[in-house]
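Have a look at these structures, which come just after this line.
Below are two complexes that have chain A in common, paired first with chain B and then with chain C.
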Partner chain A sequence: MVHSNKTINAIQMIARLIIDEASRAFSKMIRQGVSIEMQNAYFDDISNVTAKICNEYNEYKGSVGAIVDLTGDVKLKFLFMTDLSTAQILTDLLLRRQTGTTKEYDINVESTVQEIGNVLSCIVANMLVNDFQISMTPSVPVVLRDFAGTIFAEFIRDVADERQEALVVESRFLLSNQKMKCHMFIMPVGESEQILQYLTFS
Partner chain B sequence: MGKKIMVVDDAAVIRLMLKDILESHQFEVVGECSNGQDAIEKFKALKPDIVTMDIIMPNMDGVQALEEILKFDKNAKVIMVTALDQREFLMKAIRLGAADFIVKPFEDARVIAAIQRVARQI
Partner chain C sequence: MNEMILIQVGVADIKVSKAPAMLMTNLGSCIAVCLYYEQGQIGGMLHLMMPRADEKALEYRGFKKEKYANTGIRELVYQIKQQFRVDHSMLTAKIFGGGRILQNVSLDIGADNAKAAQDILRELGIRIIASKVGGTKGYNIRFDLSTGKVRCQIFGEQEQEF
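And now, the complex of A and B:
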């Protein structure tokens, strides 16, 4: 499918609005200045996207991701993903412990990723609900600890059944004094991509 | 006088955060639950003064649990905890009789202010 520059620009601008809001909420959540930068919003072949994700993450250490289904007038899938060591740092920040206190994956690390996925996906839903007057409800986040490629494959499973191409909004998280490798992906499911394009230009 | 609080949230880290905040302000956390169904059972058993109740949870969500708890005790004080103004759920909870609400991500002061405000009604 060929996508016009106008469509790509509109999607990128909406994505930037979402990410700005997410940046503020995330800073408040972990009580540190965080900037979330939109790296790209693009349409690409699913296999290319998966290969890119696998290259970004160190597959030896493992990753953690929270997948949320946003259902309603528009269906989206949301993924927050990070590597294991960053998830442990985020847990310490959330619990106001000195970073380095959490040394292994435990229930607190799992629920930290779950809660970040929950809050960030709610921002996405709220922005679309408020700005476009559509209904959207987030599911309980599903947390996966696995290789990044496996987590991403699970995230795109519904889309991969339908077509070869996916719209991906990709972002990176930067903490003031620590480099954090986190990604946030938003992907329309089914006909929602067309609905989003219609809403953007209506 | 510290009130007895029960914390309901499916995220263990949020239960731990709320417990730390509440206990540092001399409130007693008498129970924790990770879903709405457990919350109803534990409310009946523990009879807490105040419940903090997450909205989106597996098995039974916080709004359904609120409804059941209020059927058991119409004077129950339940504070809804919601991620970034999920207004549809929140309005339903308010209509059912929720005592107050806290929006995640929250600050300690907001949590304590809500608990103290509700505690004064008891």
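And now, the complex of A and C:
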């Protein structure tokens, strides 16, 4: 499928608005200055996208991800994914502990990733609901601890069921004084990108 | 000495190559079908997502054979034959994956995928010489075309060689 520049511009514009909101909320949540930057918003073949993620997260310790389905007038899939050491740092920050306190994956780490997934996906939904007067409902975040490629493959499955191409909005998180590796992915399902384009330019 | 080429296989993807090369992928409920021709050190990997393409899927304009066991395995056999003139009767198979990653989903798509892959390989008369399927965690697969060995690591477990 060939996508017009207009569609891609619409998606990028909405993605920037979402990411700005997410930066502010996430900073408040962990009481640290966090900057979330949009890395890319692009359409690509699902085989290429998944191979790229596997290459990027080429690690064997594993990652943690929270997957949320946003349903309503626009259907989106949301994934917050981070490597294990970053998830531990985020747990300490959220629990107001000295970083380095959390040494292994436990219920606190799982809850932290679930909570971050919940908050960030709600920001996405709120931003679209408020700015475009549409209805959206987020599901309860499903937390997976596994290889990054496995988490991403499960995330992309619903989109891949119905077509061969996925739109991926990729972002990364920057936190002063901490080495962090986490990403947020937003993926429209079905005809949602056309609806987003209509909403942006109408 | 030739350097090993690392080839990442994405979801719904086929890669076919000759030694020295390593085909790699990560699996959840998907299945990796590894076909190998020992004498020529030639092999290919299919990363399939679903058991069977129904009529609706076959009619879809953007239909991709690699997504399904019934069309993807035949396509993998075809690509090996096209590129290296290796007939399917000379190939052996190893299959991996098919975990039940999302526990809240009632459908066990991983088990269905594994069963479909086994059935299609049997239909084609390709012998399955090793398999590791099921579980609740992801798989990291590395298929070395120099030896035909597959290193399989299930998340949180020791790596095994097949």
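Simple rule for what comes next: the second predicted complex is superposed on the first by the 201 of 202 C-alpha atoms of A that agree within 3 Å, B and C clash if a C-alpha of one lies under 4 Å from a C-alpha of the other, contacts with A are read in each partner's own complex, and residues count from 1 in each chain.
Going forward, a residue touches a chain if its C-beta (ideal position, glycine included) is under 8 Å from a C-beta of that chain, and two chains touch if they have at least 3 such contacts.
Computed from a prediction, not measured in an experiment: that's the story for all the values here.
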Partners on chain A (chain B, chain C) - clash or fit: fit
Chain B versus chain C as contact partner of A:Thr112, first or second or both or neither: first
First, second, both or neither for A:Asp146, with chain B first and chain C second: second
A:Ala160 touches, of chain B and chain C: first, second, both or neither? second
Partner chain in contact with A:Thr99 - chain B first, chain C second, else both or neither: neither
Touched partner set for A:Ser85, first chain B, second chain C, both or neither: neither
First, second, both or neither for A:Ala51, with chain B first and chain C second: second
Which of chain B and chain C A:Gly62 touches, first, second, both or neither: second
Lowest C-alpha to C-alpha distance for chain C against chain B (Å): 11
On chain A, the residue positions that both chain B and chain C contact, one per complex: none
Interface residues, chain A side, partner chain C - complex: 1, 45-52, 54-55, 60, 62, 142, 144-151, 153-154, 156-157, 160-161, 163-165
Complex contact set, residues of chain A against chain B: 25-26, 28-29, 91, 94-95, 107-108, 110-112, 114-115, 118-119, 122-123, 125-126, 135, 137-140
Of chain C, residues touching chain A in the complex: 8-13, 24-30, 47, 49-50, 62, 64, 66-67, 101-102, 104, 137-140, 153, 155-156
Touching residues (chain side chain B, partner chain A) in the complex: 10-14, 16-17, 20, 56-58, 83-86, 88, 104-105, 107
